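What follows is a set of structures for review.
Consider the two complexes below, in which chain A is the common component and chain B and chain C are the respective partners.
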Partner chain A sequence: MDLETLLSYKWSIMTPEFIILGVATLLTLLDLFMPKSVNRKVLGWIGLTGILAAIASLISLLGHGPESILYDTFRLDSFAKAFKLLLLIGAAFVMLLAISYEPKEGITEYRGEFYYLFLAALLGAMMMSSSGDLITLFVGLELLSISSYILAGIRKKNLQSNEASMKYVINGGISTAITLFGMSYVYGITGTTNLLDMARSLLALTDIQHIYLMGLALFMILVGLSFKLATAPFHMWAPDVYQGAPTPVTAFLSVVSKTAGFIIIVRIMMVVFFNTPSSYIPNSMPLLIKVQDYIAFLAAATMIIGNVIALRQKNIKRLFAYSSIAQAGYLLVVLASMSVFMFDTLWFYLGAYLFMNLGAFAIIQLITQKTGSEDISQFAGLYRRAPILAIAMAIFILSLAGIPGTAGFIGKLNIFMGALAVEPAHYVLVSIMIATTVVSYFYYFGVMVQMFFRPAAEQEKIKLPIGLGIVIGVCAFATILFGVAPSIAFDFLHENFNSFSDFFQ
Partner chain B sequence: MENAWIIPLFPLLSFLFLIFFGKRLKGASAYIGILLSLASFVYSLLVLFERFSSPTHKAEAVWLTIGDIQLTAGFEVNQLNALMLVIVSLVSFLVHTYSKGYMHGDDRFHVYYAYLGLFTFAMLGLVLSPNLLQTYIFWELVGLGSFLLIGFYFYKEEAKKAAKKAFIMTRIGDVGLLIGMILLFWQVGSFEYDEIFAAVAAGSISTTMITLTAILIFVGAVGKSGQFPLHTWLPDAMEGPTPVSALIHAATMVAAGVYLVAALFPLFTASETALMTVATIGAITAIFAASIGLVQTDIKRVLAYSTVSQLGYMMLALGSAGYVAGVFHLMTHAFFKALLFLAAGSVIHAVHTQDIEKMGGLWKKLRVTGPLFLIGTLAISGVPLFSGFFSKDEILIAAWAHGNTVLFWLAVIAAFFTAFYMFRLFFMVFSGESRSDMSHVKESPGVMTIPMVILGILAVVAGYVNTPWFGTYLGDWLTEGNAALGHGHIEGPSWIMIVATVVSLLGIFLAWLIYCKRSLSRDWLGAKTMYNILYNKYYIDEFYELTVVKVMKFFSLFLHYIETFLVEGLVKGVSAAVSGLGRLGSKFHDGQVQRYGTVAFVGLAILIVVFAVTGGYLK
Partner chain C sequence: MNFDYFLTFLVFSPLLGVLVLSFIPNTKESVIKTVGFLATLPALLLSLVAFFQYRAGVSLEELSENVRWVQFADPDTLGNLFSINYELGVDGLSLIMIVLTAILSTLAAVASMYIKKEWKGYFMLFLLLEVGMLGVFAAENLILFFIFFEITLIPTFFLIGKWGYFEKEKAAFSFLIYNGLGSAVLLIVIMVLFARTGTSNINALASILAADSQNLVFSSGTKMGLLIAMLIAFGVKLPIFPLHSWMVRVHVQAPPSVVMLHAGILLKIGAYGIIRFGMGIFPEQFQDIAVLIAVLGVVNLLYGAFLALIQKDFKMVLAYSSISHMGIVLIGLGAMNEAGIQGAIFQVVSHGLIAALLFFLVGVFYERLETSNIKNLGGLAKGMPITAGFLLAGAMASLGMPGMSGFVSEFMAFLGLFKELPILAAVGALGIILTAVYLLRAVLGITYGKAHREFAGVTDIRNKEWVPALVLLGIIVLIGVYPSVLSDPLTSTIETIIFKIGG
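After this line comes the complex of A and B, so read on.
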């Protein structure tokens, strides 16, 4: 590749990525050369500015047709734009959480690293959402993963944080191995790493043995990537890591990292395996449709495991770990049902989940870092100590539980409708989802009972740092807004992303 | 009517205002709540009068578009909605007023009024909804309001438990409603009531589907209206403040289930099986709860079981194609049951106990509450000329005319039980001598008695809007212009009215013999020793123990055991299984990182093996 070709690329479509990369580099340098006495919190605000700038540049890119550079390895289609927007908004909130993060033993020495590692992880996630090639996809995935491993263990003197990081690395290694093994089969059969090229050559696949190998590859990639989603059978790391990691990192893992996982899974599944036939007869049903029941089974198992084990949890972060496993299970239902508005549903639910879960984590961070304890009983009497906080938390919890009037309800309703709209309708899956949702009321309402119906252990007022205040306020507002007027979000989606029709172009 | 959407906004305003500024207002919160609920009542009344002379008004706008599906939101004022608006806003207004006296001195006074506002908003919104989805949304909000109000006395362990139980039990019913609703949506392509009815009338839905969806939706109503077997939350919900019981667990929320069935009446009438299910569940609930009411000693629990039983009557009426009878009884019941609860609240306020064994002789002390309680008791017992008489009569006629003979007789027996236990309650509270120290007892303040007087008047006269003697105005108006709802009045043999009267008088007489005669004889003996009094009591009790009471008690206890062991056992079993599974799961989750990897590998292996074996790729 000579310089001329290099310059001929339309680099402007990568502006958001460049901004994040630039800010991350800037933060590294600043952290290195700034005198020790300067509070590193200012770096967090710079990072946040960078993320906001990236959001602005992404919005300016809306409305253009799909474009790709670097031999189709980086593509900016409406799918990438829509989901990248979620990643960036989520990351902005996480950054605000990180700015307000004050662990007991202090984090002064590493505070700078804390911020630029977040940006590096975000960059990985953004690359994943835009990649049109297995190589870039994998590099993005690893960039996200490796940054997250360090982030989980950033409290170096905290035993739990170390344990979390260690477990995360080991499980991550296993997942990477499985994913790569699956990808190698796909590469072996098609002879290319480009996703769209793969799709084209797979369409002509007639050898039944090759199709069978593609099936194995599908399962390996699905299971390997389910590590990122924290869904069955690769969910077990989540509670330990969520509990031990610093709260902003937990929030990041449960929202941004999970969203990235869904992006990559949808990209691979829909492009590669949706175009793989399931038998040698021409025009047979796609392989992905054929294995629908398996995905449905994994979704059901995830919902049951997440919701049922959550009942036994006393630690709030562990409770939310299981809750986030369950939420990922609901999202897998979307993937299993594959209705015509699958992308819309996924996008809306991930957006709603972003607001309600990050809002809840902001409050969890505030309550737990004050006392150092993560027991649910810390929430006792919150309504008397800080009524506005308690109401905000109630909004988030009601939304997670899917009570009408909140964004979570609209999201769940869309999932139900999608699962029942297809032929044959997934009655069993929907019933399991509803039944496990009812189970989830027990633990969600356990927190509500603590907040509203228990006397407070201490009467001290709670001081709200500005960063957390912004997150809680915006998230609560958005959760209600998209619950009452969801058409705002859907109209935005329809106007800017033309129904994701350019996904296969 | 075009502005009927304003009605729910008044209480919403009250909720928002009080939640943010209530702490500063303290006692003045009550005035805001009362004033705004009065505003919505006046407005509802105007809407009702306007509805008399003009046709149904409906306004809608697109709310949400998913793919090519459009969901709408709006409001509708038809006859049923207009009537419900007035009932809900009136009872809410009276409860707001009454609570000012009852909750006086509570340090979370403003929170209480805020919750009341939230609940009233949700209930009025529910009543105005023109489609199933919107109904469902408000249906859940109503449940949330009820959850907060039941758990209001959060320092009581029972209240917390009751709040959680109420929410979760009704949610179980809601699962049925949600599934039924979505199924119906895919059959009809709309959540709109009108379009659903049109599709049912045009026969574009298979009969099996109609039956299935109707029964699923009825499951939601069973949960909300405390029907057998999901009724156990309602008596426990009495842990909330008494005015709340009057508003939510007597007049409005529990009636929402009945309202839902009434609102979807054309769907139910299209399936004989669905109707039969509704009628059977209703009749079973009516007699089941009435018989449990016979042995309760907590004044509010007696009323709670009587509510369950009366709701069963309404379901029986609807299930017997008696649309008018069901709605009519819903209305009269709202008035007399709210009256009974408020009067019970007034008694509790005066004597500070809910145990009727400790009461007695309050007639002379509570000169206002006593007669009002008597009016409510007469009305619920179905004594002629009171409102309950006319509506209960309509129900019995509907059941008979529909050919449900067995259910008809069950309802008659339940009517006998009702008269008996209600008068047992009345005599034990108000007649004879007090059975504990009652020297400090004072009548409640005017702010509490005036709402009761208004309800007392309504409990007497509300029946006259629909009588076989003076004309069936309500029935004619309700069914006007909609043949699917049946006739305004169902003709029935006149002996039914006589049977109903005789049965209720018999119940009252029996209660009088057991619980009042005893004290009469005590008065008559006058100066006799304590021993004699005890002896006499023993003697009479013994006599009746051996005869009627024993049989009834046995029957009642038997049903009580069914409730404790079978119904609660089933619930406990399910929850134990779930939490056992949870325990097993978290035990398995022991922190060993090797195990996590193993699980992933085993999961992958299972998937691949199953795929290989069943996929047809291995030969």
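After this line comes the complex of A and C, so read on.
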């Protein structure tokens, strides 16, 4: 490839990625050459600035039609833009959490790494949302995963952190291998790694043997990616990893990494398997529709397991691990119902989830780091010690529980609507979702009882670091705003992304 | 009353109080209580203005508001389908409920003088609860209704759990889970209706289903299923036997001012929902199960009455009496004729007032004597003659003495049922006798029973305490002697319902 072709590519559509890559490189170098005595927190602020710049450049790209460069391996369609926006906003909050993260021991010497590994993971997730090719998709996934493995174990002297990292790397490795195995079948049958080319050649598939193989591939890819989403029955790693990892990393895994998981699953499932016939008769039902019931079953199992096991948790981070498993179950309902609103619903719910969950994690980080214990009783009397924090936490919890007036409610409403508007309607799935939501009241309100009804063990006021203050304030505001005036988000969606109609172009 | 956003202002006016309260320091008890009371007044004033104008002949339709709120589907492809509007509006029935809510809220704010701690948080939640209750009755579409319905849930949970008596947290959780399940079922019904028709407006849904005699939109089985699910949802709230255990616990454990609202308004949302949505959206199916409703009503009436007969605690008597009286609402609805429905609505209003009065009086003597055990209260007439007098009057109203509101409602509900199902009505009438027995047993035991204690130094009802007692009793008697104050505004609503069920 000569220089001229290289320059002829429209690199500008990759600006957000370049910014993140550049900042990550810059941080690596700075960390290397800065004297030991300099506080590394400044690197975090630089990283945050980079993320904000990337958001700004992404917004300037919103008007562009679907474009792709590098032989269709990098696509900038509505889907990419919409979900990249979520990833970047989530990462910005996580960065603020990381800046304010000050555990008793074990982070000072690796603080620099902490920041640029977040950026590397973010870059992987962003590449995934934009990729039109299995190779880049997989490379993005690996970049995200490997960075996350290290992040989970960044407190090198801490036993739990080590355990988390070890469990994560083993489980993650297995799941990646399974995914890759599944992908190899798809590649073998179609002879290409480009998603849209695959879709085209799969449409013409008539050999029943090949269709069986595609079924096997679907199964393996789904299993592998279920690990990433932490959905049942592949959720076992999540509670241990969430509990052991440093809180900002837990927040990252539960929000940004999960969003990325849904991005890759939608990319592969919708493009590849939606175009695979389920039998050799022409115009037969797509394979993906055929397996809808199985996905629905997984969704139901995830919601039930997540919500029921959460009832017994005493550790707040474990509690939120199960809560986020349950939330992934709600999101799987969207995939299982495959309505015309699928992308909108997924986007809105992931957005709402981002705000409410990161806000909650900010408060969890503050409380656990102050007391050194992660027991739920540390929240006792929070209303007395810091009324504003308690009210903010109440907002996040109410939103997670799906109470009206919050973004979580609108998101759930949207999910129900999608699941019931399709033919045949998923009555059972919706009933399970609503019933498990009521079950979740028990543990969510258990935290509320601690905060509002129980007396505090100590009366000392809680000092709020600026980074956490920003996260909590913005998240609480957004959670209420999108609950009271959700049309802001939906109008933005309709205006800029045009129903994601360019997804298959 | 012709200014824009009249209803919005009415519904959300208590929030002004919340705003003011947030600037007042936590320790200024009397300021907080005054602000909390004042914040309930705008809603009261506006609702009374609307009520009297309506009686003077002004149409309620000009109060309707409709603003686009959220559009789920892309407007380019699906137009107005799947959008939820912010729609408020009232008819005779909802206007009466709003007036009742506003009156009871103001009086309960007065009764909140017994609250001993954290007045600021209490009043903020109290006012939020009022917003939820007012909104429930003003909502013109199902999703908006549900939102307000859930808004009542959270403040009530905290009001019970934080300011209640000994087993308050248990009561609060039991409230939350029962009502959470109830609203979960309701949400399923609402979402099925919304997702399958693309609208959640009550009138639009009613006409879609009325036009659907061929069962194209929903199969007849689905319609029946939706109606029964809806009955379960509102049955938890009302409560219908056997979904009532949470409600007894709440009535015993919650502070008096909260119980006034709970028994007075929150339970009535169940009845309102059955009338508005059950009868309004599924009139045909409702007719098919009318007998079942009437039977449930009689069961409620007798079950509540029997249990009230053996209670030792006056609060328990009142709690079971509420269950029993809600049976009369169901009896009236099950009759499916004009008298029955009118009786049911009358009972909703009348019981709201009577329950509020009795629970307020419980608050009055509990505050002084720290017991609500019937035996320990014996001889109350010696120590607190006026309170005992009010108590007796309240009990008379409750057991349906002519000249008081309870009589009108019971009479009409049974009149309706005797027309349709005389045998069932005859069985039900036993309940009325039982009502008289348990109420007199309890009230006479308290007022004239053997005195178990000295009443020296116990003051009778005084100062602000007069206000709720007098106002409530006044309205109860007013409705009793001049029922058209209620029946006139209801005429058109009831006519519409009767027209729908073709009666």
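The rule is simple: the second predicted complex is superposed on the first by the 504 of 505 C-alpha atoms of A that agree within 3 Å, B and C clash if a C-alpha of one lies under 4 Å from a C-alpha of the other, contacts with A are read in each partner's own complex, and residues count from 1 in each chain.
Assume a residue touches a chain if its C-beta (ideal position, glycine included) is under 8 Å from a C-beta of that chain, and two chains touch if they have at least 3 such contacts.
Keep in mind the model is a prediction, meaning the values are calculated, not measured.
Judged by the touch definition given at the top, the superposed model places A:486 against both chain B and chain C. In the superposed pair of complexes, A:404 makes contact with chain B and with chain C alike. Of the two partner chains, chain B is the only one touched by A:174; chain C is not. When both complexes are overlaid on chain A, the residue A:212 reaches chain B alone and has no touch with chain C. Contact with neither chain B nor chain C is seen for A:21 once the two complexes are overlaid on the shared chain. When the two structures are aligned on the shared chain, A:53 is found in touch with neither chain B nor chain C.
By the touch criterion defined above, A:239 lies against chain B but remains apart from chain C after alignment on the C-alpha atoms of chain A.
Of the two partner chains placed around the shared chain by superposition, chain B is the only one that A:308 touches, whereas chain C remains out of contact. With both complexes placed on chain A, chain A has more residues touched by B than by the other of chain B and chain C. Residue contacts after overlaying the shared chain place A:139 against neither chain B nor chain C. Judged by the document's definition of touching, chain A residues 340-341, 344, 398, 403-405, 409-410, 413-414, 416-417, 420-421, 425, 430-431, 434-435, 438, 441-442, 445, 449, 452-453, 485-487, 490-491, 494 lie at the interface with chain B and also at the interface with chain C.
Those residues of chain A that touch chain C in the shared complex are 340-341, 344, 383, 398, 403-405, 409-410, 413-414, 416-421, 425, 427, 430-431, 434-435, 437-438, 441-442, 445, 449, 452-453, 485-487, 490-491, 494, 498-499. Contact residues of chain B toward chain A in the complex are 19, 62-67, 69, 133, 136-141, 144, 148, 151, 154-155, 159-160, 163-164, 167-168, 171-172, 175, 178-179, 182-183, 185-186, 578-579, 581-583, 585-586, 589, 591, 593, 595-597, 599-604, 607-608, 610-612, 615-618.
The part of chain A that touches chain B in the complex is made up of residues 166-167, 170-171, 174-175, 178, 208-209, 211-212, 215-216, 219-220, 223, 227, 232-234, 236-237, 239-240, 279, 290-291, 294, 298, 305, 308-313, 340-341, 344-345, 387, 391, 398, 403-405, 409-410, 413-414, 416-417, 420-421, 425, 430-431, 434-435, 438-439, 441-442, 445, 449, 452-455, 485-487, 490-491, 494.
Note for the complex: chain C touches chain A at residues 68-77, 82, 121, 143, 146-148, 150-151, 153-154, 157-158, 161-162, 169, 173, 176-177, 180-181, 184-185, 187-188, 191-192, 194-196.
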